[in-house]
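Residue numbering begins at 1 within each chain, and the chains themselves are lettered A, B, C, D and E in the order written.
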Amino acid sequence: MNTVLSASLLILTPLLPLLLAFPALRSRLPRPCYIALLPALILLALPQGASIDLPWLLLGSGLGIDGGVGRWLLAISVLLWMVAAHLLHPAKGESADDRVTSYYLLTLAGNLGAVLATDLVGFFTFSTLMGYGFYTLLVAGEDDGSRRAARTYLIVLIVADLMLFEAVLIAAATAGNLHFEAVRLVMGQSASPGLYLLMVLVGFALKAGVWPLHFWLLPLFRTTRPAVALLLGGIPIAVALLGFVRWLPLGEISLPALGLIIQGMGVAAMLYAILAGVRQAQLKILPAYIAIFATGVFTAAMGAGLSNPAAWNRYADFAYLLIASLGLGVALLVVGIGWLRARSYPPALPEKQAGDSALWFEHWLGAAARWAAQMGVETLPRLRAVWLVKAGALWQCYAWQRALDSGERFLQRWACAVTLFLLLGILVVFI
Amino acid sequence: MNWSAALPLFVLASSLLPGLVIFFLPEERVATRSSLNLAGAVLKLVLAGVMVWGIFHGSHFETRLPLLPGLDLLLRADSLSMLFVVLSSILWLVTTVYAIGYLEGSPNRSRFFGFFSLCVTATVGVALAGNLITFLLFYELLTLATYPLIVHRGTEVARRAGRTYLIYTVAGGTLLLIGTVWLYTLAGTLEFTPRGFLSTLDGASSTALVIIFVLLIAGLGVKAALIPLHGWLPQAMVAPAPVSALLHAVAVVKAGAFGIVRVVYDVYGIQFSATLGVTLPLAIVAAATIIYGSMRALFQDDLKRRLAFSTISQVAYIVLGIAIVGPIAAVGGLVHLVHQGVMKITLFFCAGNLAETLGIHKISEMNGVGRRMPWTMAAFTIAAFGMIGAPPLAGFISKWYLGLGALDAGQGWVIFILAGSSLLNAGYFLPILYAAWFKTPADAWPAERAFGRRETAWALLAPPLVTAFLTLAVGLLASAPFSPLQWARFITTLEYAE
Amino acid sequence: MKKSNNAKPITENDSRQAQFRLLLAVPLSALAVGLGYAVLSLPSQAPGLSDHVAAKLEISGVSNPVTAVLLNFRGYDTLLELGVLLLALLGVWSLGAAPKRREPSPGLVLELLSRLLVPLLILVAGYLLWVGGHAPGGAFQAGSVLATAGVLLLLAGWRLDTRFSGLPLRLALVAGLGVFLLVAVVLMLAGGHLLEYPPSFAGALILLIEAAATFSIGTALAALFLGGRPEKGSHR
Amino acid sequence: MIPAFLYALVGVGLFTLGLYALIIHAHLLRKILALNVMASGVFLVLVALAARTQGMPDPVAHAMVITGIVVAVSATALALVLMLRVRIATGRAELAKEPLE
Amino acid sequence: MLALDIPWGVMAIILPLAGAMSCFLWPRCALPLGLVTALAIVICVAGLGWQLLEQGAQRYAVGGWGAPLGIDLYADGLTLLMLMMTAVVGLGISIYSCGYFNQDRARHFWPLWMFLWAALNALFLSADIFNLYVTLELLGLAAVALVALAGGADALTGAMRYLLVSLLGSLCYLLGVALLYHSFGSVDIATLAERVESSPAVWAAMGLMITGLLLKTALFPLHFWLPSAHASAPAPVSALLSALVVKASFYILLRLWLEIFPFAGAALAQLLGLLGAAAVLWGGLQALRQTRLKMLIAYSTVAQLGYLFLAFPLASITGWTGALYVLLSHAAAKTAMFMAAGNILYFGGHDRIVDLDRVVQHLPLTITAFALAGISIMGLPPSGGFIAKWLLLEAAIRSGQWWWGIALILGGLLSAAWVFKVVGYAFTRSEVPHEARAVPAAMEWTALLMAVVAILLGLFVPWLLALMEIGLPFGGEGSAG
């Protein structure tokens, strides 16, 4: 009975928001945003961990909740989502934007699913859903600046997803089984984990906005509404960090050099966050620096874990706590700032330079696209055209027609002569 | 002739006979025509289902009619053909519904539906062909049945597109014919055999076999729109939307891709092909096609044209999956045969809906269309994400197996092709979605038609929703029994079994 | 052949024409030499089928070997050949009606001569027909003589009466082929092969066929002379 | 023996001459006559070579010639009438020089 | 079995002759008489087929004399197929003509057509080279008269040229016959085949006969007479000429080649093949640039005749079978095409290709017939043309002479080009109304049925090949594979 209950709860947790995302299915329900969170809440209330295998799903997937980081994160997530739901809920007199609710629920489903996933593909699937869902949240009903920022985010998301996809492929090719535990074990003993590690590290670093890859984070914080900023701090970044923990064979593998570099980067990130954050005048962006700082801390810890597996095993729980509290901390800050601003500051003016980083990114992308366009659109079809389509023009050529005409006329006029020549020809050939 | 020998014939007849009858129906007999069409489609689906069940339980379905001395007209249902037959049957049913709605009130419908049925007959024939000559027969029939559909509108553009189509396909068919005859003179048989019938051939020079391979692949590559033989496809999108849908998803391009699968697997045999050294060039061509098609798609403003280039890119996945010699990649290629069909047909349905309901043909006109037609655009979104390869949709599964297979076969470069393609896919699909959902709509649509309370007619709306649902389902339930993925695995175990 | 292009100067045309004739003479003489060589290479003695003919002559029903070949051994050829003649006439008729030429009065000499000659010619035709059985002669010779009579009459301005220009004329034209065919089929139905004469009746049957053929050939050739089908009611 | 071949050679000559005339003359009447000359040549060859026997010449060849003559006469008749019709229709008793449109 | 003893083949010659005479005698009843005869001939041919299946190849001595003195008729699988082709096409044309000709034309058409049919049947059955000459003349004169039936300058000029060419060809042939007869003392094919040996006279005879027959078969470059004659004739006549008449002289050529001239050099075969290939290309190119539909179809006949000669250099059973299949499928397809063109002409009064769209939209059956026939002509499956192309291609590759395959393929592409050029007009929208004459249903349906025959030829191959092997006309062990 208990297993049935927990299994159905596990499935319902991501499924219910997903279903409710269809407007038709929730049109009669009051406050669907909250209802969608119910299974997760009940799941949190269950005393022990639970898991369920779904071999028919995707490539054989599963859902589960473990005692440690998963539960923590789930709890934080639920909390954050409830706050966000409250913030998003329209004030009296305003009509609810139905689409935003849908986006909200989609993102929610992705988030909860990613937290509960027990294998790489499941995690990947849900986090992708969450990523795109989150993008829609960012874009919905905002101004140009935030849209541009969101577009940068989207590109980051795609690139990161691609890298992670490769990573999953490599893992599958090496391990054959995509359960987190199996992957960690196998990758830990793998002879050449380099590419996998690189993909996972860069992929999640992009998603989490770890220091040198944080360029998308600032414009977003600068432009979005509080509710979305709250989620931004808590949800995608936290899930990305969770990805590090789940995907990397931490505690199984010892890579001192890489660990040192990562540690260094983490420290650099912290320094950067502090320096830049202090110089930063806009309150609104402050949470971004805090997020960068926190990810820096986590990165440093992870680097340490990579160089010294034993230490990781010992202090791993600490990292989990960090992830969990990061979400909470940033979220509270955002809410606080929002509240502060709402009380005392006038609304921030739209930023002129809505993120330099976003601009250079677009610039390069545009240049690349133009180049590709020139290469692909201009040269190849022309090559092809020469030998197939232009055949028609060749056919219209006057000389052809004249040659055919005169040939036919000649044949008609010298009919008998031709016969004679053929006759001779046959005789000659034969004799 | 017993039941199992007659079944493949019945499957063919279930669309052929209605098609022939429809030709002679007067234009205004709409109800008769529609019910004939639908009855045929449902019947075909049922028959295909029966066959799938039978094959899974070890039965054989084979019809053999003498064609030439030593060469039979052979229809045989094996696991690979059933994959394609079932796909065609399902999508035909859906497309029929759609076409009935789409063409309501337009002229020359009897002609259209007649050729439509012929087209599906040819496709199913291609699927069921048990030897190369039967394949060739239906392959050419497909060319002929499709041409009237492409030029159906009768405009100058349509005629030009039809002409281009013919130039390409007739030339391709000719190459195929040469290759087939040559092969026959060398091998003395043309019957598809698992793991090929050429590897055991003594004395045939491998040069000749390589040339034949090139001929066959070139002939099939025209329909599969491999570069540089793809020129007809973007032009052919002038056809009515159901035709484009069928053309891109099932009939023409798939017939080409399916043929390549057949040639590589059941004529040459994958191991023998690899020995001959022809698979790597094929893989490179496919890879180039993938990238090139996506690049071209990026810069199209016409929605259907963009989708057409996307097809060029996507169909090459199938070829790529085959050309990477390995069981896992093969699964990816085969499953993409189905998945691409389901996804692409959704996209074309949606494009058709936009054109038919709002008069939208260009992407630049699509701003905010998601608010006007949320269901259509939802379906479009799902399919587009599927194309990009976002999990858990259909495209993800294909790419997954392709990538995994490439790694398995030690061809890591394919991974980067996949990644690049996904990136480009995202590059040309996401702006559409963005425009549709988030941009503010223009004041008026180019040519709006009212459909009462609904966003568009039922017959237009239901098909894309069904196929979008399928896109989701085949990805999500990929591991369930009888899913395309499982079936593709079933096929590859046969091919790669030792 | 003249050039079609009238714009070109005629002199140039002519010179080219002459050149061409010269040029043509070369291969033609080569052809003639080749054919001549081929002919000369034939054996100087060759009986052909004459021995066969001689061996079977007694049972052929006639004693003239040429007639025997024509109407018995290779009678089938002759049957078809009568068909050719009839066909040519059909072809001529299908091209249109006979041109209506108002010929000047034939004149006294022609008038008189024709009245004198025609009966004689008919007589000669009958003789030739009869003699064909054992000496040179036969249906074709007779028929042509008969046709001469017809042509003479036509030249003299005589036209077939309209009463006869319909079915009777056609019957006359068909008679040769028709009788031949009828005999052939009857013989076949009687149990033999096509055109397999019983030796006892062979002579009589051949004469019957020849008579009908003579009549038809004469009529047909004369009708061909008209150059078109006789129009009803337009003649004297 | 010798005369047989002599006549046959004359036949060959007639055949070639007829062919020559057929080629160079444009007027249809001349063409038709040329064909008749050719036919005569052929018949001459047939008949002449039939005389290479002891005694009675080969009657089969003679029969063939008779058949051939009738055929030639019929064809000539048709050709002449056709020529007249061509002249009425086109105004010239020659073949059209331009290919038909 | 009484029915097996009836000489069906002889009946197939006699009946049309009798039919011709009765049509001539009673022109008012020409149509019913002609139709009844046509049906009777079909029955005769069926009877002959049955006879051959039961008893193998048949020899029939006319007059009971037997070769070499008498004339023999000979029927084997090849003959039978030709007769069947003639019967099917002939029946179609007979039905088609019911609607096509008015009363005045019909009274001339029927007897001529019956004569033509008789000539064809006699020709296919004859085993005697002199008899073949007579049938050739019969055929030629009937054909010329039929061409001239259309009236008008074009038709008359075409007929005149055709007549001259036909006579020239016949005379060449006859001179060849003379040389052969005087060399070996026989005109019976079988006897000649036994006696023949290489000598200058035989070479000359061969040169003459082959040239004469090529002239009548209109092999490039001797095709100059064909387009004008075929294009200007009335539609059923065009169909007859393209489908049957040119095939008759090819049939003789084939017989001679196989039986009397087996020692002909490979060089000559290559020459014929070369001319065939040239015909395929030249005819295809010319067809593509014609502006009138019937001219186009006529040039396509030139091209298709070229295919027949590709079999000579290949010289294998597969090759001959392929050529024969070209012959059969072309007969059916070309009949359908000319009928379709006739319908279009009948309906719209013109056959200019650029203005076709206004016409064909109203004649869906006709354009369908044209398209189906086109499928066979260009050799796309499933059709007789495809089987033919397949067999020829197979033979070409098997014999290592792949270059003939190239001509084959290019020819197919060229015909595809013009077929679709025409068919494309069926789909253009045109609203221009015009004066039109309703086409009788019989004409449309016959065209369609003939086209369907051309398609079906591609599906009943083994059956036809089995018929063809009766008497082993191509020698060998039987199987064509």
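Here is the rule we go by: a residue touches a chain if its C-beta (ideal position, glycine included) is under 8 Å from a C-beta of that chain, and two chains touch if they have at least 3 such contacts.
All figures in this text were calculated on a predicted structure; none of them were measured in a lab.
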Chains in simultaneous contact with chain C and chain D:
A, E
Chains touching both chain A and chain B:
E
Using only the chains other than chain E, in their current positions, what clusters of touching chains do you get?
one piece
Between the pairs A-C and A-E, the one where more C-beta pairs touch
A-E
One chain's C-alpha mean falls closest to the whole-protein C-alpha mean, and that chain is B
Rounded Å distance between chain C and chain E, as computed from the means of their C-alpha atoms
29
Roughly how far is chain B from chain E, centre to centre by C-alpha average, rounded to an integer in Å?
42
Could you give the separation in Å between the centres of chain A and chain D, each centre being the mean of its C-alpha atoms?
93
What residues in chain A touch two or more of the other chains?
408-409, 412-414, 416-417, 420, 423, 427, 431
Touching at least two other chains at once: which residues of chain C meet that condition?
1, 4, 24, 28, 31, 34-35, 39, 42-43, 46-49, 53, 73-74, 77, 81, 84, 87-88, 91, 95
Could you please write down every pair of chains that are in touch?
A-B, A-C, A-D, A-E, B-E, C-D, C-E, D-E
So, in the complex, the side of chain A touching chain B is made of residues 23, 55-60, 99, 121, 124-125, 128-129, 132, 136, 139-140, 147, 151, 154, 158-159, 161-163, 165-166, 168-170, 172-173, 369, 372-373, 375-377, 380-381, 383-385, 388-389, 391
Residues on chain E engaged by chain C in the complex (per definition of touch):
7, 10, 14, 17-18, 20-21, 24-26, 60-65, 68-71, 108, 111-112, 115, 118-119, 122, 130-131, 134-135, 137-138, 141-142, 144-145, 148-149, 175, 179, 181-183, 185-186, 199-201, 203-205, 208
Any idea which chain A residues touch chain C in the complex?
409, 413-414, 417, 420-421, 423-424, 427, 431
Contact set on chain E toward chain D in their complex
130, 133-134, 137, 140-141, 144-145, 148, 152-154, 156-161, 163-164, 167-168, 171, 174-175, 178-179, 181-182, 227-228, 231-232, 291-292, 295
For the complex, which residues does chain D have touching chain E?
15, 19, 22, 28, 31-32, 35, 38-39, 41-42, 45-46, 49-50, 52, 60-61, 64, 67-68, 71, 74-75, 78-79, 82-83, 85-86, 89-90, 95-96, 99-101
